[in-house]
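Two complexes follow with chain A in common, the first pairing it with chain B and the second with chain C.
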Partner chain A sequence: MTTSEPGAASANREPVFTLFACCIPVQGARRSVVCDLQRQSFQFIPNGLYEILSEHAGKTVAEIKAIYGHEYDEEIDEYFAFLLHHEFGFWSSDPERFPALDLAWETPERITNAILDVDEGSRHDYGAILRQLDDLGCKALEVRCFHRCSLRELRAILEAARHGRLRSIDLLAGHGPELTPDALEGLAREHPRISRIVVHSAPERRQMPPLRTGVTIEYRTEVIDSPRCCGQIHPGYFVVDFETFAEGQKHNTCLNRKLSVDARGEIKNCPSMTRSFGNVREVSLHSALAQRDFAALWSINKDQIAICRDCEFRYVCTDCRAYLRDAADLYSKPSKCTYDPYTAEWQPPADVPAGIHTKGAPE
Partner chain B sequence: MKKRMESLDDKLFRPLTAAQQQRITAGFTPVTDTAITLRETYGEAHDYIRDGDNE
Partner chain C sequence: MGDERKTLFERLSPEARQLAPVSYRFLHASPTRVATIMRLVDSRPYRAGGYVCVSFRKPISKCCRQDDDL
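Then we have the complex of A and B:
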C-alpha cells in the first residue's frame, strides 16, 4: 500500500490552527478583517495576524513563534485565543481535510437585480417592464418613487409584479396622506414580494416594528427627489455574506447583472449614470442588454479600483461606479466613500449628500 | 519577513458599534440579493423550514 487514508498519519502530528472555510481573512493597508460569511459579521485583526493566517497557514504555534524569533510569543498566543473566542477556527491535525471554499460566482439569471425610478412625469408601462425583467430572470427589484405617491399608483406597480419570478421588491415612495402604516402593512400583505418600504419626505421619522414576514416599514424626513442620493459607502451598507463576497472577487458588487430604467424610461446600468442604451418605450430590455457595452462595467472589481484595492472592506462593500472621485477614471474610488484604508479612519460624512435634503432646507 | 505584531487591544481593532453601522442617509440600499438571504435565514415562518414530503 503506497498511500494511507487521510488522517492516518496525523495522530502524531502537532495540531495546527485551521480557519473555518466560511471565515476568510482580507488584508487592508493598515489592518485586516476576518469575514465570517456564515454569521454575516466581521472582526478587525492586525496585519500581523493576517500574515500568520495566510503565509504561515499549516504551521504549528511553536513553528510560528520560532519564525518571529520568539519576539512576539505573547501576541501570538493572544491572537489564537482571539480566533478561538470568536469561533473563527479550530485546532486540527488534519487541516487538508478542510479545503477552502470555492469562491467562483455564477448565476443562471441574465439580470439578477433592477432599479425602476418613477416621478410625477414618468409614463412607464409597468406591465411591459416587469414582464421583460421577468424574462431576464430578475430576482430583486427596487422601485424608487421620487414624488408624493398615492396607494393606487403603488398598487399599479406592484400588480404588474404579482405573477413574475421576482423574489423581493424594495419600495421607496414619497410621503402622501394615504401612506399610513396601516395602509402600507396592507400593501405588504397583499404583495408578499415586498421586502422593505421606505417613505421619504415624511413629517417625522418613524420606524415601524418589522412585520411577522420580516418586512420593514420606515418613514424618513429626508426628501429624496432624484437618483443622486445613491452611492453611499458606509459600514451600514456593507454586506457580509457568501454571495456578495464571492461575487466581489471578480465582479462589481453594485452593477453586476443590474439593469435600471430611469424616471424618463432610459435604460441604463444605473439611473445615476448618463449613458442610456435606449428608451424602454422603443428598445426592449433584451436589446439593451445585448448591446456590446452594457456589461462592460460588470467586471470592474474592487481589486482593480484605486485605493479600494488596499481596503479591508473590499469584498463586503457595495461599490459605486456612478459617483467617482475622478469622473474621468472608471477605476477611481467612489466619491462618497470617506474611509481611508491607509489610516483606517472614516472622515465625517460631508453634510447632507447630494440628492437628499432636509425638508425646508435649500437645495 | 518580520512584521510588528500589534495587540488586539488597540482601538484600531475594536468592533464597530451599532451607531457606527447606522446608515447615514435615507436608508435604501443598492439592490442585491442580500436582503433576501438575510430574511430567509432569520425568518421563522418560511416554507423552507417545512418538509413538504412528510406532511
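Then we have the complex of A and C:
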C-alpha cells in the first residue's frame, strides 16, 4: 500500500464515530431522531446528541469531550453506547471511506401514484382511466369506494387493471354483506396486485392476519364516506424508507407525482381539493397533467411549511396540503396534525374531524 | 414454472433460511450480534419478498385514524 492510497495514514489515527450512511439524524425543535432508512425505523435522540453528530462529526471522543469542557463526559459516553446499541454506526479510523448517501430523488414515471374515488353516483370508465394511468407510468393506485360495495363492483375495477403496469392496488370499500374475509382473500388471490384491503363502516374492528403474499385485510368501524376523511397525520402514516426520505428533501411527500380522479370524474391533485383540471370524460389525464399549474404543489416540501420545518418527523411524515391550519396559506401546517414539535407532544384531537363518524358514538 | 412462481425465500433450503444475509455477517463482531442476526433471520421472508416485487410503501391517501387497540 502506498501512502497515497486512502486509509494508509489512518493506522495511527484515533477512531471517530461514523454513522451508517442509511442512519440519518434529523433535528427537531425539542428533540431529534435518527432515521434508520434500511431497517425502516427511528429512535429519538436529544438535541445535544444531534449537535455531536452534525457539528462535531469527524471528531474523536476526546476532542468532543474537550469541546464541552469535560462537563458532560459521562453523557457523551452514554450517547455513543446508545448509538452502538442501536447499530446506528461504528468506530472508524477512515471515515472518509463512508460518504453520505446521495439524497437526490428522481423517478422515470410521470405519475407514481393515483387515487380513484367511487361512490354510488360514479359513472367511471375504468378501462379508459386505467389505460391512461398506465401510459403515465403509474405504479400504485388506491381505489376508495365510499359506499357499500359489492364484489361485482370491485371485480369490475380490478379487471380493468389486470393487464396494466400497476404494481400495487389498495382498496378501501364500504362494508357490505358480500365482503367477508374469505371473499376478500379470494379477490386478493385473483388479483395479485392488491396489496391492502380496508373495509370501512364495518360493524366491528377486525385485523386479519396478513396473507402469505403479504396482503393485509382490515375491517374498521369508521365511516369513510367522503374525501373529507382524508388528511390524517399520525405515526401510523409515517414512512421511514430511503425513497420517501429522499423525496421529502425537495418534494411534497403526499402530492408529488400524484393524480386523482374524484367520484364525479374531476381530475385533481387530490380529491379533497377544489381545483379541477377537467373531467376525465372530456379531458385526458395527459392533458390535465400538462396544464401549467398541475405540478405547482409538488415541490412544497416540509422545510418550507411553518411548524413542520421544526418537526423531527418532517422527512418521514407524508403531509397533507388539502386540510390546512390556515386555509389561505399553502405553507401552513396540516390541520389534522396534533403534534407540537415545540413541546414534543401529541395532543388529543380537539374534535372529530368533519366527515368522520364512528358507528354507535354519542352525538 | 411452478418453482419460478415461488418466492425467493421459499426456494431456499431449510439451512439457508437460517443464515443471515451475507452483507450482514460482519455484524458477528458486534456485541449485539445475536439479537441482530436473529432479527434479520426473522425478517428474511419479508425482505426476500421485497427483492421480487417492490411495493409502494407510502400511503396514497390517509383516511384512517390512528389505531389504539390493534
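We adopt the following convention: the second predicted complex is superposed on the first by the 354 of 363 C-alpha atoms of A that agree within 3 Å, B and C clash if a C-alpha of one lies under 4 Å from a C-alpha of the other, contacts with A are read in each partner's own complex, and residues count from 1 in each chain.
Keep this in mind: a contact is a pair of C-beta atoms (placed from the backbone, for glycine too) under 8 Å apart; a residue touches a chain by one contact, two chains touch by 3 or more.
None of these values were measured; they are calculated from a predicted model.
Asker: Is A:Asp310 contacted by the first partner chain B, the second partner chain C, both or neither?
Answerer: Neither partner.
Asker: Of the two partners chain B and chain C, which one touches more residues belonging to chain A?
Answerer: Tallying touched residues of chain A, the top partner is B.
Asker: Between chain B (first) and chain C (second), which does A:Cys229 come into contact with in this model arrangement: first, second, both, or neither?
Answerer: both
Asker: On the A-aligned overlay, A:Asn47 touches which partner chain: chain B = first, chain C = second, or both, or neither?
Answerer: It touches chain B, and chain C stays clear.
Asker: Mind working out whether A:Arg30 is in touch with chain B, chain C, both or neither, as first, second, both or neither?
Answerer: In the superposition, A:Arg30 touches chain B alone.
Asker: Considering only the touch criterion stated at the top, classify A:Asp340 as touching first (chain B), second (chain C), both, or neither.
Answerer: In the superposition, A:Asp340 touches no partner, neither chain B nor chain C.
Asker: Is A:Asp94 contacted by the first partner chain B, the second partner chain C, both or neither?
Answerer: Touch partners of A:Asp94: none, neither chain B nor chain C.
Asker: Looking at A:Lys139 after the superposition, I want to know if it touches chain B, chain C, both of them or none. Which is it: first, second, both, neither?
Answerer: Both partners, chain B and chain C.
Asker: Once chain A of both complexes is superposed, is A:Arg220 in touch with chain B (first), chain C (second), both, or neither?
Answerer: Touch partners of A:Arg220: chain B and chain C.
Asker: Report for A:Glu159: first if it touches chain B alone, second if chain C alone, otherwise both or neither.
Answerer: Touch status of A:Glu159: no partner.
Asker: State which residues of chain A lie in both footprints, the one left by chain B and the one left by chain C.
Answerer: The overlap between the chain B and chain C interfaces on chain A comprises residues 112-115, 139-142, 144, 167-168, 170, 172, 195, 198, 200, 213-214, 220, 222, 224, 229-230, 232, 234-237, 239, 241, 243-244, 253-254, 258, 318, 320, 356.
Asker: For chain B, which residues count as touching chain A in their complex?
Answerer: Result: residues 2-8, 10, 12-16, 20-39, 42-43, 45 of chain B touch chain A.
Asker: Which stretch or stretches of chain A touch chain C in the complex?
Answerer: 84-85, 87, 112-115, 139-142, 144, 167-168, 170, 172, 195, 198, 200, 205, 207, 213-214, 220, 222, 224, 229-237, 239, 241, 243-244, 253-254, 258, 318, 320, 356
Asker: Using the touch rule from the top, collect the residues of chain C that touch chain A in their complex.
Answerer: Chain C residues touching chain A: 27, 30-32, 36, 46, 49, 53-67, 69-70.
Asker: Please output the residues of chain A touching chain B within their complex, sorted ascending.
Answerer: On the chain A side, the touching residues are 30-31, 40, 43-49, 51, 68-69, 71-72, 75-76, 78-79, 82, 112-115, 139-142, 144, 167-168, 170, 172, 195-196, 198, 200, 212-214, 218, 220, 222, 224, 229-230, 232, 234-239, 241, 243-244, 253-254, 258, 318, 320, 344, 346, 349, 353, 356.
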